[in-house]
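Shared between the two complexes below is subunit A, which pairs with subunit B and subunit C, respectively.
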Partner chain A sequence: MTATALEPIDESEFRAQGQFEDNRLSVYLWGNADHRGTTLFDTFLAAADRESVAAGVKEVVVDFRQLMFMNSACLKSLVTWLRRVQERPPERQYAIRFLQEPEAHWQVRSFSALIAFGRGVLTVE
Partner chain B sequence: MTEAARQENEIASRVQASILPGEIDVEGLAIAAQMLPAEVVGGDYYDIIPVEDACWLAIGDVAGHGLAAGVIMLMIQSAVQSLVRLSPQASPRDLVCALNGALYENIRKRMRRDEHVTFCLARYTPDGGLVFAGAHENILICRENGTCDNIPPKGTWLGAMEDVREVTQETKIQLGPGDLMLMFSDGVIEADDGRGGRFGLDRLRELLVANRERSPQEVRNAILAALLRWTERPDDDVTLLIIRCHGVYWST
Partner chain C sequence: MVASETHSVDLSFNPRLESVTAVRRFLEVHLGKLMRDAKLTSRMAVTVHELLENAAKYSTGGGSRLHVEVDPAMPRTLSISVANNADPRHLPELRATIDELSSAGDPFDVYQRFLLRAATRDEGSGLGLARICVEAQMDVSLETSDQGICVKAVATLPTESTK
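And now, the complex of A and B:
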């Protein structure tokens, strides 16, 4: 597969970009994903999912280590994305791996809850 | 928003505000609480339900806010009241799992929406025992000697998966006379100062420790005052539930 990129989010407070390479989509997040970024993040994740299925990727890695904050509405977008993947037939699913910053309280708290219903799809490192 | 929609929102807001408990007397405890909705209708929730030989404490937050979150919040309030009154001796874990079943059915299957709920349910008994379950914010307990315990919940959010029994655990802690406990929603620690700075858990803990000698009402007011200095207008609902343990009555 040739490397391609997702349409990025490039706001002053919140940035996201995704790069396809081999059988993987790598997503990087920076800044503050608050109420101003919710709709953009929803759209970004929907595109990431759609294009991952189309490209037949096996894994999506999301790097949260430079993300300072994510509000509950953006976390809800992650829940929706996980659910969308889980509801597909296994042959059209892909694995999701979150890279977390262990010093970020909101990440530890939120991901420990998220991993319960991302079972079978989501891992957190 | 049309005038009719605005009026309906205001009615929903009044219903929501009136259904939260006012000042409640519970033997051995002094309690102060406050919920400030970010919009007309909020998604935060708390309740205090005294029963014979125990007092149930609940706090939760529906992801997002606005009318849909407010409706789900009212479902939670009614369901928790019913569950606790039906089974006042039940374990918090069992009731959290039952509540999740009702929320999953309503939110996912009937409403076909994707909200989830952070929620913690605690049962306090007069011997100072506190048992809680669910996944909400950490619970802060300022001990009489000035140390502050920061206790994370062990569980997952509600309404997003059909069965949470495997991932819902209870935590048991002991409160002593003079201990001060704080339960809060994410709107407190995530309040934005307009420059990307968050109020944060450390600042909240420092405030609790600095005000530990004061009454729960004074602690609440001090935290709210600091929060509103930090951010003129919080962009998420803010809930505080502050409990002072006055006495411990060992059962015979």
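And now, the complex of A and C:
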């Protein structure tokens, strides 16, 4: 294991943190992911991916249940990450699981599209 | 809510990226109470946010006008438009995007195409309008004039949507 925690995002309206435990990385998102968080989110996901590969994790779980909104730029960050994982040889891939808030209708709609896009890598529950 | 009363919000301002979330939240609270439909409110929020971010990024100054209208008559309609001056160099891509989305046989398939493009784009996501069409299920159109452009998104709800 190369790290026990990712460098967090700690902005006033958007926070993200990631914790490595056993063969899993657990990521938690809070607040409002809009243009102010886009670059930080890109960097955060790139680090999550890099360190997950280095640590040999089997699964990354992203908890969206406290995330109120995500704009299209941050959605792009997610698809870029999914694509990056998909394009690797299977032995260097890890599973990605999103935890969604059923009452957050934007999540239900966005993630139904992402499930199809991230086939073979992404599940949502 | 009076059954036949139309509710509208009209804002003329110079949108900055920093103010987009605040405007979206205001509309979620204000019109959300009037619409009493969480899914429709969410669709409105996504649409307003993406249209205003586009206006903030691509407007060439002179201010923008946001108009949101909810007509509770049957069929219920939700109409959202943002008008602003725009750099003519952006118009072909904007028009092509709207044409591609409008002519899609299966919006879900075309959205997958947009997601794939987004994953490999260096600049911007190119997802804002696709998100409005597919996720928010709005019909998007573009009007151009000497005064600038107006992007309009309309949803018609023939029956009461699920709360």
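Rule of thumb we're sticking to: the second predicted complex is superposed on the first by the 122 of 125 C-alpha atoms of A that agree within 3 Å, B and C clash if a C-alpha of one lies under 4 Å from a C-alpha of the other, contacts with A are read in each partner's own complex, and residues count from 1 in each chain.
Everything that follows uses one rule, which is that a contact is a pair of C-beta atoms (placed from the backbone, for glycine too) under 8 Å apart; a residue touches a chain by one contact, two chains touch by 3 or more.
Everything quoted here is computed from the prediction, not taken from an experiment.
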Subunit B versus subunit C as contact partner of A:116, first or second or both or neither: both
Which superposed partner A:103 touches (first subunit B, second subunit C, both, neither): second
First (subunit B), second (subunit C), both or neither touched by A:39: neither
Doubly contacted subunit A residues - partners subunit C and subunit B: 13, 32, 34-35, 69, 71-73, 75-76, 79-80, 83, 105-106, 109, 113-114, 116-117
Residue ranges of subunit C in contact with subunit A within the complex: 17-18, 20-21, 24, 38-39, 42-43, 45-46, 49-50, 53, 108, 111-112, 115-116, 118-121, 124-125, 127-128, 131, 134-136
Residue numbers on subunit A that touch subunit C, as the complex places them: 13, 32, 34-36, 69, 71-73, 75-76, 79-80, 82-83, 103-106, 109-110, 113-114, 116-117
Residue ranges of subunit B in contact with subunit A within the complex: 61, 63-64, 114-116, 118, 135, 137-138, 152, 155-157, 160-161, 164, 167, 186, 189-190, 192, 196, 198, 201, 235-236
Subunit B partner contacts - residues on subunit A that touch it in the complex: 13, 31-32, 34-35, 68-69, 71-73, 75-76, 79-80, 83, 105-106, 109, 112-114, 116-117
